[in-house]
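Every chain is named by a letter (A, B, C and D) in the order it is written, and numbering of its residues begins at 1.
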Amino acid sequence: MTERPRLRDAGITIGTMPTGEDNAITDVPDVRVGHVTLNEGDGAAAIRTGVSVVLPHSGNLFREKVPASVFVLNGFGKCFGQEQIDELGVIESPIAFTSTMNVGIVADGLIEHAIGQNPDCGVTTSTVNPVVNECSDAYLNTQQGRHVRQHHVLEAIDSAKTGPVAEGNVGAGTGMTLFGFKGGIGTASRRTPEKAGGYTVGAMILGNCGVREQLRIDGAPIGRDLADRQPDPAAEDTGSIIILIGTDAPMFDRALNRLARRAAMGLARTGSIAAHGSGDYILAFSNAHRIQHDDDRVTYPAEHVVETGDVINWLFQATIEATEEAIINALFAAETMTGRDGNTRYALPVDRALASMERYRPT
Amino acid sequence: MTERPRLRDAGITIGTMPTGEDNAITDVPDVRVGHVTLNEGDGAAAIRTGVSVVLPHSGNLFREKVPASVFVLNGFGKCFGQEQIDELGVIESPIAFTSTMNVGIVADGLIEHAIGQNPDCGVTTSTVNPVVNECSDAYLNTQQGRHVRQHHVLEAIDSAKTGPVAEGNVGAGTGMTLFGFKGGIGTASRRTPEKAGGYTVGAMILGNCGVREQLRIDGAPIGRDLADRQPDPAAEDTGSIIILIGTDAPMFDRALNRLARRAAMGLARTGSIAAHGSGDYILAFSNAHRIQHDDDRVTYPAEHVVETGDVINWLFQATIEATEEAIINALFAAETMTGRDGNTRYALPVDRALASMERYRPT
Amino acid sequence: MTERPRLRDAGITIGTMPTGEDNAITDVPDVRVGHVTLNEGDGAAAIRTGVSVVLPHSGNLFREKVPASVFVLNGFGKCFGQEQIDELGVIESPIAFTSTMNVGIVADGLIEHAIGQNPDCGVTTSTVNPVVNECSDAYLNTQQGRHVRQHHVLEAIDSAKTGPVAEGNVGAGTGMTLFGFKGGIGTASRRTPEKAGGYTVGAMILGNCGVREQLRIDGAPIGRDLADRQPDPAAEDTGSIIILIGTDAPMFDRALNRLARRAAMGLARTGSIAAHGSGDYILAFSNAHRIQHDDDRVTYPAEHVVETGDVINWLFQATIEATEEAIINALFAAETMTGRDGNTRYALPVDRALASMERYRPT
Amino acid sequence: MTERPRLRDAGITIGTMPTGEDNAITDVPDVRVGHVTLNEGDGAAAIRTGVSVVLPHSGNLFREKVPASVFVLNGFGKCFGQEQIDELGVIESPIAFTSTMNVGIVADGLIEHAIGQNPDCGVTTSTVNPVVNECSDAYLNTQQGRHVRQHHVLEAIDSAKTGPVAEGNVGAGTGMTLFGFKGGIGTASRRTPEKAGGYTVGAMILGNCGVREQLRIDGAPIGRDLADRQPDPAAEDTGSIIILIGTDAPMFDRALNRLARRAAMGLARTGSIAAHGSGDYILAFSNAHRIQHDDDRVTYPAEHVVETGDVINWLFQATIEATEEAIINALFAAETMTGRDGNTRYALPVDRALASMERYRPT
């Protein structure tokens, strides 16, 4: 297998803002990502799935929650934990992505994790609100087997780390399909100007949506040039995408929801129409604040990003750019995979994609 | 006309929490209320309407906005300004109540007011978001005449003051109907314990909803005892209620929305079923913060009420109690009125209501 | 143990509308309810939990979905499946109630059930959206053990039946606390007048919320009379309530959401303040329609309840009344239970409650 | 002045679906559009504004309402009527677009219109819910003057007609700015395949948003090539966009909301980031149904588009394509205008834009 470049390494830049050091959600200080990948067996026994987790900070998330919000662009999808985020404006567990039919078990794994860290959880203090989202890897994975077990969730959390993030066929991304090609995990980041706070916005996506002929990279409709090698057109267009936005800008739920809606605009630019069968869920969090689980004060102080000037617009643009690039990064990273019943998803042919991009370069 | 007592002066107490000094929304420091009442003519020329305004603080609201949120229990109603409150979490104008068909003109009056205070508004800075809600006074008022004009709005704002609030047939309340009796403006307040911040929660309502036989006071179904003197049963049950909650507790939009939802619970306790034709809108604001219109900082600091302990529950209970009492206060204050085409709404017969209450006192 | 009467058998009537035959959600034709109760061990090994399921019709729910909607009064709670209900306006699985930490596993059980009925589910057709809600039985149950397993879910579904519904300490209700007394499952129903369709509205609740002194029955504040026998006041006020409304009136999601909001009004009348720690989730469904999973038509026809006249108001009132009565039915049915670490929840002393009610009867 | 071509006449096609006959929202049968344009005076007396109305059908809209829904992408904007659309799922008035500070008066004009058609409106039947949206024409128009009066609204309604729709500097579009160029009204339409119903989806936009350098046409970042002739860069990026989607596909509010969300994706493709100061409101209606104001039936029948197959996806794609093209059509149509205080907005230089597009054509 040849090493596949990231989009930016191939000379293509999305937007105008600078990236963080690793062009990853982990560029947001103290954010960690972990994957457990399950890739075993073949034919009717093919396991092509996994779980990915993002930890908004390295502390005890149940005890120190982070502000968060959710936007649902198209709600044909299963998830766990969004109602409590809506009510309280915080996330208090690692954020997990997995295969659709595994959501229940993965939520149970996050509960196990919370109990491990907090023996009083659900006994003498409140229960934890696990956060799980999913896409369906039905084409490559024997999804009914719900192969991700509680211990895989714990392993993913234990393995979570800062620094570069593995993309493509890893963790939850193992069996995914994106614009008719092999999909999976992708990530990117942007930094706002120093005068606008010098904040980092990171995106991590689990990409499983889109129709090949509608794929665009930086606006160029290259999907039209790549219409072959599609083994099963009928299987197109039923997938989903999960988008996670993290930032160190000091924001609360309402303002974070504004970021979440901008992520949908980044998705739109890649050519998705958010088809009927797509669960397009977007979560956004800020780790600039830690909301205490046990707090006997009457009030607590916190900083808020000013929303009347440029600061918020830079954060919007950062979100759109990082989302768009994270999606394409997933495509560039994911490799051809054969799974359930011999079904094969072909990787984006990077050389041909780049050649197609070249055709749309300004003369 | 005999002086009509307030509910509490008649010896009836709703809930267990103490009131503020005037048992009014103006107990929240710096909140002011103004009414302009239009009560002229008779028959086909009867004008029975008006406008009421609440000013969350005494400064320039466009320049110094207050956090706010809206909850719609039943959205059969017209209003102005709620979408921007949802997006930005602030109110930046006086809050006006009026007759349904007057919402457009009253919004225009608030715009005029903002321009007067802010000559740059809509020229070199952004436009103002006026906040208006309404109930229909069609039974007593010749509503199609839209009798409230721009200048009435300005007069209501100019006349706004702290201290006791006129209730019943004043301002927007002039022509309203509540549980089949004469309705209108009502207000009440509660104070949370000192250990829970010692905050004030005030409610002001424009009451125009409900079916007489379903009326309850402090749980007692006294409406069943007061089934006579209803001139036009067919006209029952098409009205609305607007509830405004104000507090000095330092809260932002999400937490304020939690208060707004509790106000609906206070309404439920009076016997309303939020009938189909009812526009049941609830706004909640905090004047503990002033969000700057012109702010060249990157962030600003603010206190937040802690939501994990008793503080928030006291605020919830205060909201429910104040809302329930404000509704009944409107009924107690409003006097019999004859209006359009000789239509008459009879006042709640206070003596009979109290006698009925007496029947339900514990033996 | 003496047989505990239902509220209505004790001579107390909530509201004015007639009930269905069994005064239960199963009065809605073709609705079935099943419970699996786990009540074993003591002390540190006490299991006091279970699972309850409601089947909107007796067919294959994945293949024939029912219109539905969700309203969240206070979202401090975990659940599964609500986002897809919001998007598509349908429920496609049995509706399960359970203990908080069991939501993941119970969702997994519903997935297993769907796969059993639909071998193509998640392979060649879309995945199922399981619907699960919860309350925390932490006071009596060793909740961290997540004792409800996949097979219990399947057993509850298999045992589901029409006719009278067991209430109190059954299924998910086994370990619950309601207004400081033993709580659990309750149900009730109402029928609208024939001229308004002659529809049935049923409510089933999982009651685990409220502060004892705030309890009201039919408006009477009897909680104040029952302030003793409360073993652990500090443990009050952290619970939740799940309310399920079912009807055979032909309604779609938007109109059903209107019913869901009225259920919150029924809850308010019992004295709940929807405290901070309460997950107050309300689901409403209609089984008058079956939305096809496999449908190659361009359009399908359906009846809609007219919303401009009395029909919808009767449905609103039915919802409020049935909800209020279902909550009190849970209190009347639930028996004293000792569970985890010897913790005891006492049953509502029915005789004293009735004596208290008697004090508030009109003289 | 040279005639300015529409985008499609200039040889550029957005997407793959066919347009309706006039490539306008009026391709939806029975939809009519009317404009009143106010373009008078200069300098400090410059009036550059107007009002545009869309009539979903040619009957009495108050008596025969149409299903509708609203999606707010960014709620920094004023509007009228959205709450009642949310609650009841219908529009019952012409849909008006105007200048921000004119919303109140224009709403009042729609009330006048409803009273004219329905003398019982607000007297013996309910009040009308006028629907108004706005963008700020502050740069060219002396907006504080609120130049659009009640009679202009009535004139716009009277003049409404089917057939080709005037674009650019007409009606509400008179004083608008789009991507730093002169903006205004734009429209486009798409038809779904016959096997998917052969429905028409039309978009009409009031375009006043965007930063010039971010403008894209069919993905090509041509804004970067057109960075000159921008008189006041500081004035960029504070505007809004209103998008109206109409269709004859038989859909109700929930499904229409799905279309509204897709319109936001069409907007995203033009380069907008939905900046902080942007009021990005999207309304969608279907005129396949007429919901009766006076209906004494218990239920009514209606067709619904099936959402499980291709039908809904074609409608999604049609919405995205029509929205994107309508925005660019506004840019192509709008001509250079000088207004308030000599401020000038330059038209998109069509020849240069087309030359820039040529640079991005595939080689």
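Here are a few things to note about the model shown:
Quick note on the criterion: a contact is a pair of C-beta atoms (placed from the backbone, for glycine too) under 8 Å apart; a residue touches a chain by one contact, two chains touch by 3 or more.
This is a predicted model, so every value here is computed, not measured.
Between the interfaces A-D and A-C, more contacting C-beta pairs are found at A-C.
In this assembly, A is the chain whose CA centroid lies farthest from the centroid of subunit B.
Subunit C and subunit D, compared by their mean Cα positions, are separated by 44 Å. A straight line joining the Cα centres of subunit A and subunit C is 35 Å long.
Our note on geometry: subunit A versus subunit D, Cα centroid distance of 33 Å, whole angstroms. Of all residues in subunit C, those that touch two or more other chains are 74, 87-88, 258, 307-308. Interchain contacts join each chain to each other chain, per the touch definition above. Contact residues on subunit D toward subunit C in their complex (touch as defined above): 87-89, 195-197, 250, 252-254, 258, 292-309, 311. On subunit C, the positions that touch subunit A within their shared complex are 72, 74-84, 86-88, 100-101, 103-109, 111, 115, 121-124, 126-127, 129-130, 136, 138, 143-144, 146, 238, 277, 279, 281. Across the interface of their complex, subunit A is touched by residues 73-74, 216, 218-221, 225, 237, 258, 261-262, 264-269, 272-276, 307-308, 312-313, 316-317, 320, 358-363 of subunit D.
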